[in-house]
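Worksheet for the structure shown next.
Order of writing sets the chain letters: A, B and C. Residues in each chain are counted from 1.
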Amino acid sequence: MTSIGTGYDLSNSVFSPDGRNFQVEYAVKAVENGGTAIGIRCKDGVVLALEKLITSKLLKPGANKRISTIDRNIGVVSSGLLPDGRHFVSRARDEAADWRRSYKAPIPTSALANRMGSYVQAYTLYSSVRPFGVTAIVGGWDLEAEVPVDGQVGSGPSVGSGGKVEGLKHGGPFLYMIEPSGLYWGYYGAATGKGRQSAKSELEKLDLAAGNLTLEEGVKEAARIIYVAHEDSKDKDFELEMTWVSSLAGPTKGRHEEVPKELREEAERLAKKALEGDDDEEEKMEE
Amino acid sequence: MNHLPQAWGRPRDDVYGAYDASHLQTSGPQQHTQSPIVTGTSVVAVKFKDGVVIAADNLASYGSLARFTDVKRLRKFNSQVVVGFGGDVSDMQYLDRLLSSLDIRENYSTTETPLNAKNLHTYLSKVMYKRRSDFNPLWNHILVAGLEHENKPFLASVDLLGTTFSSPTLATGFGAHLAQPILRRVVPDEATVESVSREQAVALVKECMKVLFYRDARSLDKYSIAVVTKDGIDLKEDEKLESQSWAFAEGIRGYGTQVN
Amino acid sequence: MFRNNYDNDSVTFSPQGRIFQVEYASEAVKQGSVVVGIVSKTHAVLAAIKRNAEELSSYQKKIIPIDSHYGIALAGLASDARVLSNFMKQQSLASRLTYDRAIPLSEITSRIADRAQTNTQQYGKRPYGVGLLIAGVDAKGPHLFEFQPSGVTQEMVACGIGARSQMARTYLERNLDEFEGASREELVKHALRALKESLSQDKELTIDNTSVGVAGVGENFKLYEGSDIQNWLETTFENREGDAAAEGEGMEVDDS
């Protein structure tokens, strides 16, 4: 970053001579120090997981949840400045409510990601604001079933014209990641925060594009990956926070919810075991 | 005749003179809803020792026309409250969406206690009163059935003026005249509620639905009925009135097809 | 006049991704006198040191009751706290009016957090220069939240903020396990002891410079000052000389 101190990095919305917006790059730095957050798109749902570093012994254990629900079927986990993450979530909820007011139906995950991408991008345009200091992972399940529109009271005529096209496939699991620049992509597996590099390489091993990983497996992989990503900051304690959203037929019935305690603890136990296993292997190799 | 709506079905100008458009002018005081359009009739409800029973038929009338016969006028709110709507159906749909957005907001946090029936009734009464104070009422009469703190049965109403009222038995619309006396015969006061069983309460409400079908021309023999207890909501939306007997009609002058 | 080019306002990130204006605002909290909060299974307690500008002036208010079920303790700019407390009072009343429900503490905390965040992302605004402890009892029992100028809020078991509050926090961490099952009286005493830890050597807790706020399950939030806290001060520090030694044992005796 040779241009630091030349004055082009002091204000948002200003390009440097080589075409960069430094304030956005600095915002990314804020993200890079946050706890690791990941999302996995499985064939029958999405898992979100977060490494929540314990900054004080006085914190109430298990409180201070940081993965949020948008509408009923979408989850957001972010890494970076906590208050900015809350701002992001609050706006996302407003967008979802706004969508419902217009269309009398829940917002598709793709549309939410698009709207939030635009919103975050707007905070790179003006010198009167600063960019978001968060990268947010948005995961949701768009309903696969034909649902009544909001406020519907009857079922309409049972005979005659009207009706739906049969056999159309819609809905399913979706995962997006939105960066401080407003840039967003769809993902099979997404990771951000301090341990993103090792998390990413673990995600890549899963061959998520094949679409074979089930939600239950995804939960266990997510827990393991957070534990792997935590290896670099082992001296600090952390809590694992995990949420998921499944199909209508699945365990959450299309809703975004916290992963049940028993399942999370089981996943954590397996994660710890897997880590110990790795250490053993390394030791053997050394021998 | 031209394509403009005010000309639809009008006699020809050249024969009968121009249409008097004076009542279509946009100036003058602004007006809001002056009457409901598509309406639902009675909602009846009664408390019993462990909860509340509430029912409403599945008819939406357009004036005297039985326009829609599968309209569900009992709405669940979270897993503890049922709201029954009488009056304008589109206003009911608006309120349903309003409650759904409230429910979404309430569910952002799973650790907080959900809104109970009393909370919801207070909220609805503020909405209704605000709208009537704007001279733009939501044309409904609403019953809220559920539980309040310590799982005590809760039943209260709010109408289009924002008037609130609570009683161990409640009925809206025609039911206020026809069902309420029947309900009160069994549950005259709050003290009696303790001695009423679930079965008694359900039978009582069904009896009321039958009387209402006999005597209310804007009613239907298909209805929804819900029982709210601490174990949750048991909502049936496709019930049919049983053991009807129209024998009594014979002896009543002016009833049905009999003219005198 | 500035330490560097990146600390002029709250809309500029430093190359490390820090926002200096927000960090400086957190320093304002450390200028304020210390406040402490603790929760047990049944109660939430706030305790605070009040300062006076001079001998003959009154003492600065440190604990503000907001609604009947909770109150706040502040460290930092008192006028910023007043703005926030007015907002909290208004929101709490609105909850009672529209839902006939005492506002959940997590809810009111997140509302002021969202307000505070706005001040850190828009030019022409400044972060709040005050930290708050929000303590009370709602439908889910007793709670204690910490609020920081950055808009960060956290639910705590115990917390201390303000000048020299590290000493108080050390005390709280050392006695952490005892809070959950502590009685109302024990909790107040813990809070007062934690407060005392943060006091400089030549200072004492007196009925004039100390405030205590208590809320409990089935008990409204109440502020105690002046002669109302005489008894607590006396019983908490009765054997002041043998303080260090008697501390642990003394409480064992109380239990039996």
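Worth a mention:
Rule of thumb we're sticking to: contacts are C-beta pairs under 8 Å (C-beta built on N, C-alpha and C of every residue); 3 or more make two chains touch, one makes a residue touch a chain.
Which chain is which protein? Per UniProt: A, C = Proteasome subunit alpha type; B = Proteasome subunit beta.
All values reported here derive from a predicted model rather than from experimental measurement.
The chain with its Cα centroid farthest from the Cα centroid of chain B is C. Relative to the whole-protein C-alpha centroid, the nearest chain centroid is that of A. In this assembly, the C-alpha centroid of chain B lies 49 Å from the C-alpha centroid of chain C.
Chain A and chain B have centres, each the mean of its CA atoms, that are 43 Å apart.
Inter-chain spacing, taken between the CA centroids of chain A and chain C, is 33 Å.
Among the residues of chain B, those touching two or more other chains are numbered 109, 111. On the side of chain B, the complex with chain A involves touching residues 60, 68, 70-73, 89, 92-94, 96-97, 100-101, 104-105, 107-111. Of all residues in chain A, only 65, 68-69, 71-72, 93, 96-97, 100, 104, 150-155, 257-258 touch chain B in the complex they form.
Within the complex formed with chain C, the chain A residues making contact are 1, 4-5, 7, 9-12, 22-23, 26-33, 56-60, 63-64, 81-84, 86-87, 90, 123, 127-131, 133.
Across the complex, chain A is touched by residues 5-6, 10-19, 110, 113-114, 116-118, 120-124, 144, 150-152, 154-159, 169, 172-173, 176 of chain C. Of all residues in chain B, only 109, 111-113, 115, 118-119, 122-123, 126 touch chain C in the complex they form.
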